[in-house]
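Labels for the chains are A, B, C, D and E, by order of writing; each one numbers its residues from 1.
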Amino acid sequence: MLETIQQIPIEHYVLYSSVLFIIGIFGVLTRRNAIVVLMCVELMLNAVNLLLAAFSTYLSDAQGQIMVFFIMVVAAAEAAVGLGILVMIYRNTKSTDISLLDKLKN
Amino acid sequence: MNQLIPLIPFLPLIGFAVNGLFGRNLSKNTVGIIGSGVLLASFLLSTAAFNQVAASGPIQVTLYNFFTVDSLSVNFGFLVDQLSVWMMLIVTGVGFLIHVYSAGYMHDDEGFYKFFAYLNLFIFSMLLLIMGDNFLMLFFGWEGVGLCSYLLIGFWYTNHEYGKAARKAFIMNRIGDLGLLLGIFMIYQQFGSIAYADVFPRIGEMSLDAGIVTTICLLLFIGAMGKSAQIPLYTWLPDAMAGPTPVSALIHAATMVTAGIYLIARSNALYSLSPDAMHFVAVIGMATSLFAAVIGLRQNDIKKVLAYSTVSQLGLMFVALGMGAYASAMFHVTTHAFFKALLFLAAGSVIHGMGGEQDIRNMGGLRKAMPITFWVFLIGTFAISGFPLLSGFFSKDEILAYTYAHGGFGWWAVASFSALLTATYMGRLLYVTFFGEFRGTHEQEHHLHESPAVMTLPLIVLAVLSVAGGFLNVPHFLGGHQWMAGWLSQVIPAAELHLDHHTETLLMGTATAVALIVLTVTWMLYSKKANLPVADSAQAGLTRWIANKFYVDELYDALFVRPTERLSKAFHYYVDIQIIDGIVNGVGAGVQRLGAEFRKVQNGNIEYYLVGMVAGAAALMLTLWL
Amino acid sequence: MSQYLFLTLAVISVATALLMVFSRNPVHSVLYLIATFFAIAGQYVLLNAQFLAIVHIIVYAGAIMVLFLFVLMLLNLNNATEPQKSNAWKVTGAIAAGSLLLVMVGALKGSTAAVAQVAHKSDVGLVQNLGRVLFTDFVVPFEIAGILFLAAMVGAVLVGKRDAKL
Amino acid sequence: MSLSFILIPFIASALILLARPAATRQLALLATLANLAVTAYCFSCDYSQGMNCTFQAPWLPEAGFSFSLGMDGVTLLMLLLTNLVSPLIVYGSWSRSYENESRYYGLILLMIGALNGVFLATDGLLFYVFYELALIPIYFICAIWGGQDRIRITLKFFIYTFVGSLFMLLSLLYIYLQTPGGHSFAWNDLVNVQLPAGSELWVMLGFFIAFAVKMPVFPLHTWQPDTYVAAPTGGTMLLSGIMLKMGTYGVIRWMMPLAPEAAHTLTPTFITLAIIGIVYASIIAVKQTDFKRLIAYSSIAHVGLIAAGIFAWNKAGLQGSLIQMLNHGINVVGLFYISDLLERRLGTRTLGDMGGIAKSAPVFATLFMIIMLGSVAVPLTNGFPGEFLLLNGVWSYNFWAGVIAGLTIIFGAVYMLRAYGLAMFGEPGEQTARFSDLNTQERIMLGAISLLVIVLGFFPGFILNLTDSTVNRILGAVQL
Amino acid sequence: MTALLILFFTALAALFAGLSKNRKSVQTISLIGSLLALASVVAGPVRGWDDMYASMLRFDNYAMAFSAVAILSATLIFGLTGWGFRTLTSTLGDNYGLILFSLCGALCMFSSTNLVMLFLGIEILSIPLYVLAGSRRDDLASNEAALKYFLMGSFATGILLFGIALVYGSTASFDFSAIGTAAAQSAGSSNMLRVGILLIVFGLSFKVSAAPFHFWAPDVYTGSPNLITAFMATVVKTAGFAAFFTLFATAFAPVASVWTLPVSIIAGLTMTLANTTALFQDNFKRMMAYSSIAHAGYLLLAILSVDNAGADRALMFYLLSYSIATICAFAVFIIVAEQKGDDTFAAFNGLGKSHPFLALVLTVSVLSLAGVPPFPGFFGKYYLFTAVFDSYPALVVLAVINSAISIYYYFKVIIAAWFQKGSENEAALAVPAGIRVTISVALILTAVLSAAPYLAFTLFSRN
């Protein structure tokens, strides 16, 4: 199985994760619910993870997968803090709509 | 003696300083004595210098080095040669008389001490001008006398019009000064020095480009035009009559205005190399002489008539210079100093007696009330008109003779016509003022009196000089030796006069006849009431133009003054504030506008920010293809 | 065989990702995202990174997404459909993201050769190997990550705390 | 020795600002007089061999930037200017009582120290640092104690001049980077750099913009009249009397020697601008009604002539510009003091509201006249030798340039006499009739200036000799 | 390493002290801790101890110098917190702890030699800040700041990570020097490397708030509590640039042609945009935000000159002078603004009369920020511009023009403080001793840096 995977050009993985990454970006750009936006960011991070894993395999180098672990660590920490911030804001505004927060400007 | 030379100019300077600083606390007599005393001392020293020059030639004294920049080394030094010592005698001598006169004339003026201080300062400047041994010293004096002229014309400063006249004099002089300055630069460039001793003797050795010499001469002549009131820079002189009358006598008749003549006479070596420049000088001189004489015909202010007369006479002197008769010009300078100072001072005496009145239409018949003044005025008038054997007769005839010899009949005819006009307006002035019935107010008639001795004595001295001055330079064909031309010949090579006795006699006879006829005719005309001048507004046609001085002042006003003022405002409001500062502020505003645009992007909405980031990233990614 | 698996999983993940982005209900989004994560886990398995796949499922699907769901429920957003952005805005977003994709893909095209082909080792993705690397070369980051967690924890506590009024 | 020029005012300034002694004014005057004494002592040094009285301390040793000072004839003249005029400025300020007096005098002393630094610096960056340092106190002086609309005007002034000098910094930086080895800002090293022709033009332009703004040269002058009018008199005196000479000095010391070849290409343009400025500013001055603004425009005209003389780059032009810097400083300080005096007495600077003052205040009229004549450059006043040499220099450069520049002697007379006439002549009005003549302090101030006007007018050779050998060296080193 | 440990344990101590009764001791503890840490970095690297983990964290002179700048800034800020955090009660310890954690992250960034470590450092720096930005929990502006910072920050993290992944893919390593070697061999031909580098540029540009990734900064700076803004403007900027520089100097210098153009575009855009926009601000904090963005634009010039020997020193000096000036300005600002309840320039009106010392400090710091000689900010700019002038003259000219523009808005502060009249019936401002001491120290530092700028470089020349 691994050998056959090796026949898939690495370019495919690159393009594949690029597409996922861009979908994540697209989501960030178009959604108004902060939680969904955060999910889209997670999707972006997953695209990165996938890419790292692919490189790790193709390079036979464990570092890539180690990096994936650290990204997961960060993703978890960010999610915790981020959701905490969202809850705090929800307490004040009763909303998670990011478009409503535009008081600071110019 | 040499050590005493600097005292000649510096004594008046000391007089200026003493009177200027402490005059307020001194009595008027003391002020007058100090002011006149220094002049007398200077005059005596000048006579001593004259003797010395006569005995052992020119004296050169250097006080200190004014500055040295490269080869341009300027000394504060004096050169007393035949020419300058002659001028010194005139300046200090006539100056002394006028000082004495002023002590009486200005006696009731509260600015008495100031007046004497200024006069002394003027004498100092004038002496610098004459005695300087280089062009820069000449320029010091040149501007200095201009300054004093400004101060004295505007002496009665509470009158704004007088102030304006003073300013006009100074500014027109400065226009000329610029020419002179440029001429000095050019002399320095050509000769590497501006000391007379380095310039004139070397002209012969150097092969100078004719164009350059002409340019130098013309530039110097621009200076002379300003100082000596020649077309087109003459209009300040009639206005300068705003000053007290002794000032007009001293500065605007006898001394300062002849500085232009002195400059060209001093630079005769240069002018002799440039026929074009000399021709130009002659043309300007002739035009001025004629033009001013015509205007003089219809002036009713006693001083204005004399002023135009001065302009006219100065023009005649330039004609002489242009004809190469430098010595004759200097001769006329001398006699003119006598009789014009006399005329002015006599006019001052009249004004004094009339209580400030200057309009001759309000005078008349003064010969009875002011006999001395009348007689000396008569002498002055006859002298300037060329009455035989009076001083003007000799000096003017000499000029006419040279004009005939060098310029031909045409020039001579025009010059003679100018002389005829001179006799006309002078005769008119004399008769209207002193003959006929008194036309002033009753009070004036009551006030009318002869001036005190302190004023009449100088008048008498000057009258004597006006009568006898001509004998300084009696022409050969009348049995004289042309003493003055001989005296000056060290500095000014004598001009050649190739006329036979017959022609000379004819010329002189014509001139004499003209003078006599004119004086008689004018007597017939103007001693009667019918031909008295009428009010300015009642005149018409050419007379009106003449009475209004051909509207030259108005022309200058429209051509130079008002456009400059308009330009000044336009530059300030439009160019400076609107355009230049507008551009400066516009740059600032442009930056701000840019900021305003950028600011809109920062609209507080996070989606915009994110899109901005992504779009920016995409755009920057494009650089990978560059 | 594995090409097909790769393709299938790729299509699934992309499709569910798009559904996640486009579904109006946040809860649906969460669920679609979990599906995406599973597809990605499949890719990890294909890539011989089995440990990673399991950790991935546990951390993302098991912890992070549960946290998301929890918050959604807590804030009572489970059935509320969020206000949608205008279509124009969506087009703008699409253009921006699309152009970034375009330039990235354009720049990344033909990047195969760039990866060095070394003798392949099949044990990189195994726990033993990963553990060895993590606790030798990467022990410092591993320790430092502790600070990160502590900071995140303190942070989360801080935002959650209510100040006693002074 | 040279360090004391900077230290004395700085220490005095610190004393005044921190300790706020009761005798603030006296201390300030004492400090400036001390500087004058040091200047006088420096006359005895020999400057024919180049820099003397040098001082050096490292600032950024590895960057080749050191705190190095030195003096030659030109520096000495500028120091003479600064330290002769500064006691006048301080003493002149005594006539007014300013709010927060200690700050006012402290800032003035700070400014004077910085100005001395500008003239003494022999290190490019140090020159720049002092050049900008001088800007800060004057900005505060103008903006705190200034007149109407001062905040906007002074900000514009600051930004304008700051922008200008930034271009100089760029030029300095560029040359610095061309110095061999570890780079150096020392004047000697900068001068030795041979710049490529193309970049030298840019270098020179950078310098020119900085100095042209400071002087100011047409068309970069528009900040100046507004600032002069808005500034308090002490500030205006500092600006016009000394600060603008930073620009002219900079051209002589830095711009021309550092970019000599470009000068050949660019000086015609520069001279043209300077001459346009002379005529332009003179014409504007003709119809000004605000006396202070009139002096401001006249200052543009005078400085235009100084600039033209420098750009002509010959002996007469340079010597003329140097002596004229000194004399213009003295005259303009006198004129601004007079303007202040009129404003104090009458509450207005509008010439139309005056008239007849000569009658009520003859002493004032006399001293005003002398200073005015100095400004009009009447011979035997201090204004004349400089103007003569400058015109001679410009004229030797180009005939018509000299002729047009020469118009300044006509226009100068026109606007100064007009102003004098309007203010002093005529019948006294209601207010001017009550115009009291000078008090002792004013007499001392104007008397001292008048005395300088006359003495320097009679003996300019003394000043010109100070700079003679230095100017020869400068001209020898930089030939167009 | 010592400093990192000291700071970490100080953070823990602060957290516990925050729970204790004697809350005020938190400031003392933090100050002592940060001063100790400062002492340890100034003392220099300890051989055998500091180079134990050289593959991940290298504590060399470079790292120590920048650490010193960051710790000094933090110390000065701790000097202000006693008064600045006076309203905090139960979260006081948490605030100090988070700041110290964040500082630990910064230290990791200075020393990192590995992308993994760099990434972790960035996150340790950022995550506490997301929270701190929102630490005034009842304040909507603070909430908004936190959310914006967090969302955009994590988005930028994603971009950065994608870049890191691509770089890893093309060079097979996370280690800076290994990447450098590999990059030199492939000489930039690898597409993945090129895209990866650019994405890393974008991600880091976000952290240092460079255009067009700067949008968060003005809003977040305005919304955050004052001292947190000061921290972000100084420590975060220092950390971001130090990491940016070390990464690009070691890893990407061989392929400089790939990134110099976009970086110079970013630099030019950043300074122009920030300076022009700042012209319009009348809120001091927001002006400082734009000012900080503008400074980021200038600082990017240092990144462009990584191959220049003096660029690291230039960067360090600039950051040092910038940080001190910014903190001073903020110190005066919090005293004035929080007592008057006014965030605009008008709050400073009449300060020169009522509190000349504060006005003086404000003036000096603003002049330093504007780069007016002889203040340290000028030497900072001078170093930077000298370093890049040879290769990017046009950019330097642009920077110079921009610093001229900046005068306009910086001087608004001076104008308000000295030339505008304050209202008459205003109560005198209280100037707490802590703040007075802090700004005095900062003023002395400013004076020292003006008179002897080279002293700062001794940090670079220790063995």
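Going forward, a residue touches a chain if its C-beta (ideal position, glycine included) is under 8 Å from a C-beta of that chain, and two chains touch if they have at least 3 such contacts.
Computed from a prediction, not measured in an experiment: that's the story for all the values here.
Steps from subunit C to subunit D, minimised over paths through touching chains, total 2. Of all chains, B has its CA centroid at the greatest distance from the CA centroid of subunit C.
Seen from the Cα centre of subunit A, the chain whose own Cα centre is farthest off is B. Contact count check for A-C and B-C (C-beta pairs in contact): higher for A-C.
Centrality annotation: D (chain centre taken as mean Cα position, compared with the mean over all protein Cα atoms). Chain centres here are Cα averages; for subunit A and subunit E they lie 27 Å apart. Centre-to-centre separation of subunit D and subunit E, using mean CA positions: 42 Å. Our note on geometry: subunit A versus subunit D, Cα centroid distance of 66 Å, whole angstroms. With centres taken as mean Cα positions, subunit E sits 78 Å from subunit B. Counting partners per residue, subunit E has 116, 120, 123, 127, 130-131, 134, 137-138, 146-148, 151, 155, 159, 166, 169, 172, 192, 194-195, 218-219, 280, 408 as the residues that reach two or more other chains. In subunit D, the residues that reach two or more other chains under the touch definition are 159. The residues of subunit A that reach two or more other chains are 10, 14, 24-25, 28-29, 32, 38, 54-55, 58-59, 61, 63, 66, 70, 74, 77-78, 81, 84-86, 88, 98-99, 101-106, listed in rising order. Chain pairs that touch one another are A-B, A-C, A-E, B-C, B-D, B-E, C-E, D-E. The touching residues of subunit A, counted against subunit B in their complex, run 25, 28-29, 32, 98-99, 101-106. The part of subunit D that touches subunit E in the complex is made up of residues 58-63, 125, 128-129, 132-133, 135-136, 140, 143-144, 150-151, 155, 158-159, 162-163, 166-167, 169-170, 173-174, 176-177. If you check the complex, the residues on subunit B that touch subunit A are 599, 602-607, 610-611, 614. Put simply, subunit C touches subunit E in their complex at residues 104, 107-111, 114-116, 137-138, 140-141, 144-145, 147-148, 150-152, 154-159, 161-164, 166. Interface residues of subunit B facing subunit E in the complex, by the touch rule stated above, are 588, 591-592, 594-596, 598-599, 601-602, 604, 606, 608-610, 612-613, 615-617, 620-621, 623-624, 626.
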